[in-house]
Amino acid sequence: MSNFTRRGLLKTTAIAGAGLAMPTLITSPVAAYTNAPTGGSVTLGFNVPQTGPYADEGADELRAYQLAVEHLNGGGDGGMMNTFSSKELKGNGILGKKVEYVTGDTQTKSDAARASAKSMIEKDGAVMITGGSSSGVAIAVQGLCQEAGVIFMAGLTHSNDTTGKDKKANGFRHFFNGYMSGAALAPVLEARYGKDRNAYHLTADYTWGWTQQESIAAATEAKGWNTVNNVLTPLATTDFSSYVAPVLNSGADVLVLNHYGGNMINSLTSAVQFGLRDKVVNNKNFEIVVPLYSRLMARGAGENVKGIFGSTNWHWSLTDEGTKAFVKSFGEKYGFPPSQAAHTTYVQTLLYADACERAGTFNPCGVAEALEGFKFDGLGNGPTEYRAEDHQCFKDVLVVKGKENPTSEFDVLEVVEITPRAQVEYAPDHPMFAGGNLGACNSGA
Amino acid sequence: MGILEVNNVNKSFGGLKALQNVNLDIEEGKIHAIIGPNGAGKSTLLNCFVGKLVPDTGTVMFNGQSLLGIKPHEINQVGVSRVFQTPEIFSELSVFENVMIPCFAKRDGAFTLNALNRVHSEQDIRERAEEMLVDVNLIDKRDMIASSMSRGDKRRLEMAMCLSQQPKLLLLDEPTAGMARADTESTIELLKTIQERLKITMAIIEHDMGVVFSLAQKISVLAQGTVIVEDLPENIKGHPKVKEAYLGEAQV
Amino acid sequence: MKSLAKSDKRTLLFVIFIAIAAPFLLNPFPEGSAMAQFNAGYPDLMQRFAYFGVLAIGFNILFGLTGYLSFGHAAFLGVGSYSAVWMFKLLGMNIIPGLILSVIVAGIFSLLIGYISLRRSGIYFSILTLAFAQMSFAMAYSVLTPLTNGETGLQVYADDPQVFMNENSIAVPHLFGLKMQDTFTLDIGPWAFQFNIGYYICALFLIAAFYMSLRIFRSPFGLMLRAIKTNQTRLNYTGINTRPYTLAAFVISGMYAGLAGGLMASMDPLAGAERMQWTASGEIVLMTILGGAGTLIGPVLGAGFIKYFENIFSKINETVLHGWFAFLPDGLENAIVWVLHFFVGKGWHLTLGLLFMAIVIFLPGGLMEGAQRIGNWWKNRRAKGKTSSAKTTPAE
Amino acid sequence: MDALLLQILNGLDKGSAYALIALGLTLIFGTLGVVNFAHGALFMVGAFCAVTLQHIIGLSKITIDPTKVDFLGNPAKVKTPYVVEWFGESAGMTIIDWAVPLALLFSIPVMLLIGYAMERGLIKHFYKRPHADQILVTFGLAIVIGEIVKTNFGATEIQVPAPDSLAGVSDIGAMFGMGAGQLAYPTWRIVYFFFALGIIGAIFAFLRFTTFGMVVRAGMADRETVGLLGINIDRRFTIMFAIAAVVAGLAGVMYTPIKPPSYELGMQFLVISFVVVVVGGMGSLPGAVAAGFMLGILESFASMNVVKSFFEAIYLPSIDQIIIYLVAIIVLLTRPRGLMGKAGVMEE
């Protein structure tokens, strides 16, 4: 032991001496921007939940990222690169540099997600971080990327805050948000269920739940609905029976479940168990609404989702060219259709690469400038714009419902309506998004 | 006027009357033995002295101060130490540390946030603990972990721990139980010398009559929760009440 | 230093050496080599080693010495972090006020919780602390959002008051101008060693925390704490009031946790509620037991061990594995990668679980026992070497 | 009033699950003196027994149907479960429908085996080790079990529906003379409650009236003495551990229609089950059961809007977030050893 220590000491002293003698060896970060790629490759950081409740979504996101990298480097069939309206991407990497990637586990905890992102930036030299499957994590990592001077391309994050009060100049979101869910759903709900409805909300008791509930309540109330009650449910709830039971005699005829993931599966299961769907209240059929749907979760909820309305960012059964190309290359590689989480992360990767090409640099400020106000098409959502004011993508939103007669285990949702962009658009200073400040872009220099 | 005066103490557990009108007077500087058949209430009585139990009625006065409702550590701080029937020692600590702890308690009181001194630089404590270990003949084993010692050694260690505090009153609950003959002899010698040197008052609960009669200067006999006789040792032998109480259980 | 025994001095010097040389020791593999994946010498992870080390050292003062198993220590870590971030928001980005407040607030908080919880012992005490911590977490995540920013975590916004700051002030955490995020890279051949200011600040606190714990271990106070663990009854009958001792230990370890939380927030100014959850408390317990409860260095090792796995193993994906085994024939390569991919990347939890079991089964005293065994083996080997060829071994 | 009754029913439901898990946990504490952090994992494994059986029963013959296409435009694969092929449409579908009750039978040997292997292979070596070591090793085991399940079944919840005839709601209000529809409650949840009562009763009867049970109870009270009598108490303890595993497993199987299981189910129930055991009092089986039902009912009450707004008025918003822990604190501070705890059990 002592031998080892002594040898270690000698080595250290020698190196320290060398360092003092040749101060030029010490380099502080004075490059033009954080992690400017120097060799023939560029490193992207894919930060997704690999453990915890959203691990399946994380796994699907990772598949999409790998597919995107393959396409960017010229492998595979090119996927949506062929249908993308911008033709800058040539399949030779980004700006001629081969795309490499590192992966990390967010554990769906802001602390762990930031640790993972930091290690990508500090250790692996990642020039862009992307991923995440919950808003808390997305906002936390977005803040980190702003400080570190790298671009953050948000994955699945639905809270208004991501591009509202917590928006950052270095952060970009392709996914839709709570406000858009409300704005897209409300007209459909009105058309199907009528104007005169009493809604009972069960809301996950944390930031995302609150903004989601606020958005839906506002949108439905504008259509004449009445919000009977809004009950906050603890995140850790596994059995929602005690929250669902009071709905029966509350006089409400619609139950809105502002839940996501396991919460949504459990609350929906409880609601169906209590026979809510078979009830007739106020001479109307009792209905359940799940504003934010995801196919993976719908699958977890099984039979219970049949006929239940909700909204999603994208669904594989769309028939535009972009979607078809993506579903084909994803499906052929992995054997099943991609989820919306996979779609948004794939698109974000392409958008980032394309922005680098157009900006001619990896410098976050250049990339951000190229993304701001960028209008594109062919990526599965129709014409889309990255709004410069808040870095939120504006595009059509899908209203879906649980399919009555699924033909396969992936075929659980059907698209009911594609709500056009104009209906879900809002002013950047809308009260639900106010209070934030994009700030200036940070390149880390 | 005794150092410990017990007046009309009653204690019952549910319906069982463990102690009934117990009166006891332990004189300062004497060795006082409490004997009696199993279940007579000896240990219950001892527990009432150290704050483990609180009598239902009656008084326990130590040096004119009531011990009732006072916490065990406070009773110790006024000068009452106890040796248990099965040795209560700090079995994961070394023998030396075992003896240092009561020395600290004696010097620093019930609580001192003495977090920055080194135990090793507390000279007075160390000297005192060493002396004590010499007295009980354990100085060779000072660095042993207490749990690895023999039962007899553990008892001696516990006695050393109690004596190192120089208590005014030492309560001994069967100090020689389960000891080999030689160990018993040496323990008796130890207690005698200590008592002569330091004039510590002792109250002993004991089954071994040999030990009782070689140590005690006064004896109380407890039966069915009451003191039936209290007298000098020579008068206890052959006392009819005592015989009756033991019913030949022990050779009195 | 004067007040330490020789062996303790050596331990302390060892810790100081490790702390200073960490950027070298943790970066043994050249950049770009396959093994570089295992390098841990980057600022964030080194900082984590240091402040989780502080946390574990503090926990060990309670658990290792008194045996009271608190399952709610993460709560103190959390309030420490929140206090520090609030100081950043209200005053400015200098870390000193934040650290001071985090220690004070955690101290007060642990005094309250400790005062109540220490009325019980054993598992009843554990559950009481767990209950308090879970309540803190649940409230921080939901109702206390105005104070904690709930799910997202408390962070510094540009429009915060920050009364001590003007336009020219540094906008990132700093110590009188030394920015926590500043890193100097020393390139030697293919190696790149990173020296980060934040890490060295944390290391300084780690050394100070270690020194303090060394003093406590060797003090009469520490002796009393150990006595509480082995026999509380005897201690009571020896005239010692055990409650103030346990409470003092609880508060001291709570303040350690608060300091760790403050450092955590200083290195990365965001305080998430999850760091108060029972899993976080459990992690502290695991760190301590894994390293060796009651030993001086053990808990630090345990903390490093868990954080290393969390941050290094979770990042090894199949592409990396294929990179490592590319030299093998394809079939064999795929087979090996297929087996290994269960244990790394998304399977890092599995590895961690298996290692927990393996360590506690084979090394009952934790990692410290492992270190001891290696030490003994080494000594024996050297002793043998000495007898066979006395000339070659230099004197001590 | 109806609302209150409903919440009592909800509470009894939750309490059933808590009580069953806590019962096993207490048996292990009491008999083996082991803190088993993997007990929640056993509950989860039970639930996944149901999932597995559902998969097994649902194993299908795959035929290509050229008239339909899958999502890539290739000819679709059509699945016909073998049971349907073998037993005909109606019998086959009935078997699939009754997967959960069938899983009870399936889970008993599985859980016995797992319990036996766990005790002999691992727990046995930890009887004399400190509780901290037991926590570490069983927590490690819980992680490993969870990860194995995750690798095989993914991280998302999986639906395992109750049989159709038991899936709806029962109008129990009508049974007790209330108006129709006044008090309707999911049938399966009622089944679960009575199932739990049955298991709890069986365990108590087993411990009370069989020689085996009496020896185990004696062993719980004083292990050494029983050992001195020449009774091989270790073997009985092994069996006891296996029984505790079976109880957890059965509770898990029956719980699947109420809460679709995911690999984290065990961890979700771990903390709460420890709280239940401790509130009940260490080493007391009736205590564990009583605390389980008590906490279940209080948790349900706390989620009522009236209660929530009442506590909000006295500055305790979101009482349902903290109720369990608040009750635990109050009980432990007013009763030193929980509801019915024995002195000296895990107090050191």
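Going in written order, the chains are labelled A, B, C and D, and every chain counts its residues from 1.
Just so it is clear, a contact is a pair of C-beta atoms (placed from the backbone, for glycine too) under 8 Å apart; a residue touches a chain by one contact, two chains touch by 3 or more.
Computed from a predicted model, the values in this text were never measured in an experiment.
Setting chain C aside while the other chains stay in place, the touching chains form these groups: A, D | B. The minimum number of touch steps separating chain A from chain C is 1. Using the average of C-alpha coordinates as each chain's centre, A ends up farthest from chain B.
A separation of 52 Å divides the Cα centre of chain B from that of chain D.
Rounded to whole angstrom, the centroid-to-centroid distance between chain C and chain D, based on C-alpha atoms, equals 35 Å.
Averaged C-alpha coordinates give centres for chain A and chain B that are 73 Å from one another. Looking at chain B, one finds that none of its residues touch two or more other chains.
Among the residues of chain D, those in touch with two or more other chains are 318, 321. Within chain A, residues 55, 205, 232, 234, 236 each touch two or more of the remaining chains. Contact between chains, using the touch rule, shows up for A-C, A-D, B-C, C-D.
Those residues of chain C that touch chain D in the shared complex are 63, 67, 69, 116, 119-124, 127-128, 130-132, 134-135, 138-139, 142-143, 278-279, 282, 285-286, 289-290, 293, 342, 347, 349-350, 352-357, 359-361, 364.
For chain B in complex with chain C, the residues that touch the partner chain are 50, 71-74, 76-77, 81-82, 88-93, 97, 100-102, 104-106, 108-122, 125, 161, 165.
In the complex of the two chains, the chain D residues touching chain A come out as 2-3, 6-7, 10-11, 13-14, 17, 68, 70-72, 76, 150, 154-159, 161, 167-169, 184-186, 188-189, 257-260, 262, 264-265, 268-269, 299-300, 303-305, 308, 318, 320-321. For chain A in complex with chain D, the touching residues are 52-56, 205, 229, 231-234, 236, 238-239, 241-243, 245-246, 248-249, 262, 265-266, 269-270, 273-275, 278, 296-297, 299-304, 316-317, 327-328, 331-332, 336-337, 407-408, 410-411. Interface of chain A with chain C (complex): residues 1-2, 5, 8-9, 11-12, 15, 18-19, 25-29, 50-51, 55, 58-59, 62, 66, 101-105, 109-112, 114-116, 118-120, 122-123, 134-136, 139-140, 143-144, 147-148, 161, 166, 205-208, 232, 234-236, 437, 439.
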